[in-house]
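These are the structures, in structure tokens.
You will see two complexes here that share subunit A, one where it goes with subunit B and one where it goes with subunit C.
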Partner chain A sequence: MISSQAKDSIERIFYKAAQARLPMAPGDVCGIVAIKPNSAGAKDRTEGLTEGRAGDGGASRAGKPQTHTGQVVVLTISGILFRLMLLLHFNEDDSTRDYFVKDDAQSTFEEIVAEISNLCCGAMNQELLRYFPDLGMSTPYMLSAQCVPHLEDLKPSYLSSYAIQLGDSVHIVATLCVCADGPIDFVADVTAVEESSGELELF
Partner chain B sequence: MAKILVVDDSSTVRDEVAGFLRKNGLDVDTAVDGKDGLAKLKASPGIKLVVSDVNMPNMDGLTMAEKIRGELANSAVNIIMLTTESSPAMKERGKAAGVKGWIVKPFKGDAVLETFRKLSS
Partner chain C sequence: MTQSYFVAALMSSVVTAILAYLIHRFYAARAAARLREESDVRIDALAQTHARRTEETGQEEQARQALEAAIADLRDDLARQIATTDEVRVALKTAVEEKDQWTQQAKQIADEASRLKSLAATFERWHEQMISLMTQNQDMHAKNHELSAIVRHVVIVSLNASIEAARAGPAGRGFAVVASEVRELAARSEELSKSYRNSLHRNDLTTTTTFQDIQAGGKMITASLGSVEALAHQLQSKLH
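What follows is the complex of A and B.
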């Protein structure tokens, strides 16, 4: 129910959102590589990827796939035609904690990565709204990472995981799962530099 | 001094926004969701500006805005939404509820500081 160009569009929207919102500092390396073909057999996109930096729109080198332990941050974008779930799996090792928490003593690691994930999904939502004006987004919530293999039970029209590397030592795994309720076909233009976020729009 | 109320279920955002505003000399209180925001507003008549997230548990930011204008009959306080949401339908609902402005996250304090000062004075 999702055309190949729509799958490609969703993936490009995810890449753009992740590279814009996951790095904690402009200029941090943000490498993204698909680590599993989607359920419809789309080509693995690891070939020909080049290293990129946050904000430059480039894709990059491979990160390390992780096991399904710990917790994942889950967000949902829903509309009439589909439900998209974004799951982000952060290792809670020292380098990941240091990268995200830094000197923020007031917030927990979970709170910080939940907000980072919220910003990433929000950027995806903002792009998708250009093509699907009825979308709404959930708040972030935490689930056991053991839920990830069960996404296939939802019989998604699109399911793909990505290894993301931030800086030299931070590895995140993202999973995109889209369940379609009708035919989805669109071509996303993610080349436009639209940086309206952070600005106040007065009514 | 007039107060600004920052309403967000994310402590990270509350701390970031409130911390930035306090650092710049503004008097700030915080609330964890729309329900808490309404209670804080009732208890503190000095609040002149509410900066609120949209998607929150218990009561979302737009419902809170509607209740501020309706149940509290408070037409004086300025309400700004600070959210990842950018859908035209949500903005229209905000306008109808008397929301004064809309900011798509992430928060960039320098871009809005002077406007926040004016709206909270």
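What follows is the complex of A and C.
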């Protein structure tokens, strides 16, 4: 249903969006490695990673979110022939809270990670709009991480998880799930320079 | 003598008269001949002129006929062009009427697309139902959690009962069977509670992703209607 080059394209689009939107400071390192299915821990896979951000293996070290504890932020991008769900599982330890909350006393940790996730998914949506003119994006919602294994019940055409490391101590697990109702085939060119960054998307 | 003179004079007069007459006739004949020659020359000239005029008249007649034919052709052309002009005028009038209709239809499409964009509120209303469903799910999660706690307590109680039954010896044998049954029921309840918890999590995920799909689909439709509205406005402004 989804061609291999379309899967690679979705992954590239996710990498670009995550590296552009998840770090709180422009200079922060953002390492992303794919988590192979049925593996106990994250295993590095360097292909597709941006230069200077891969190969450190940091995301596979201890400290990544426990797979089925805590909460995940869920967002959906809907098209005519498919829906893409992005689930971001943020660790709720002190270093992660400090990294995202910083001095923001007006917002809760959940609100901030929901906003960050919304920005990341919004960047994916913008990129996908170049290939699928009719798309819409949902607002973020928090779910228990124990819901994540049930993604298989949605009979996805594409399901993949990624371990993301921001800076030295912040670990996020992202899961991409695409359910397609028809053949999906496209090649994404993510080399274009982003025109703007940092603006907030209202939801 | 006188008579002879008279006769002679008469005779000379007659001769003179005859001679004068003859001279007169001679000169008259010469004048007549000269006049005849001049007349012939004039007649020839007039004949030539006449012939030329006749030829010119013929040519003019041909030219006149050609002109009349050309005028007739021009008249036919004019009639055809008038007919064509009438047809073009009718076609133009029809085109103007059709253009007005298209402008009206483009406006209707723009208005309809604008009106249908309010569907976004409907999709949002559906999405809001998700919060209600999820609240109910959370309530069921809490109840299941409480049930799980009770079952764990029952397991502990049944274990204690088994221990007490063992202490009682043969007298407690029947009680041990009951405690074992209770423990088995508690274990089954625990399994059921775990299964129910999994079902609730699956339900959470299905509910959330379905309603998010509805919400995102609504935004997709709203955006598409916005594009239709913009295109209809562009068409409307081009037709004006």
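One rule holds for everything that comes next: the second predicted complex is superposed on the first by the 166 of 203 C-alpha atoms of A that agree within 3 Å, B and C clash if a C-alpha of one lies under 4 Å from a C-alpha of the other, contacts with A are read in each partner's own complex, and residues count from 1 in each chain.
Here is the rule we go by: a residue touches a chain if its C-beta (ideal position, glycine included) is under 8 Å from a C-beta of that chain, and two chains touch if they have at least 3 such contacts.
As the structure is a computational prediction, the values presented were derived from the model and not from experiment.
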item: Contacts of A:Gln106 with subunit B and subunit C, given as first, second, both or neither; value: first
item: Which of subunit B and subunit C A:Cys147 touches, first, second, both or neither; value: second
item: Touched partner set for A:Thr139, first subunit B, second subunit C, both or neither; value: both
item: Partner chain(s) touched by A:Thr76 [first = subunit B, second = subunit C, both, neither]; value: second
item: Subunit B versus subunit C as contact partner of A:Met85, first or second or both or neither; value: second
item: First, second, both or neither for A:Glu115, with subunit B first and subunit C second; value: first
item: Partner contacting more residues of subunit A (subunit B vs subunit C); value: B
item: Subunit B versus subunit C as contact partner of A:Gln126, first or second or both or neither; value: first
item: Doubly contacted subunit A residues - partners subunit C and subunit B; value: 134-139
item: Subunit A to subunit B touching residues, read off their complex; value: 21, 104, 106-108, 111-112, 114-115, 118-119, 121-123, 125-126, 129, 133-139, 196-203
item: In the complex, subunit B residues that touch subunit A; value: 9-13, 15, 55-57, 80, 83-89, 91, 94-95, 99-108, 111-112, 115
item: Residues on subunit C engaged by subunit A in the complex (per definition of touch); value: 127, 130, 134, 197-198, 201-202, 204-206, 208-209, 212-213, 215-224
item: In the complex, subunit A residues that touch subunit C; value: 74-80, 83, 85, 134-139, 141, 143-144, 146-148, 150-151, 153-154
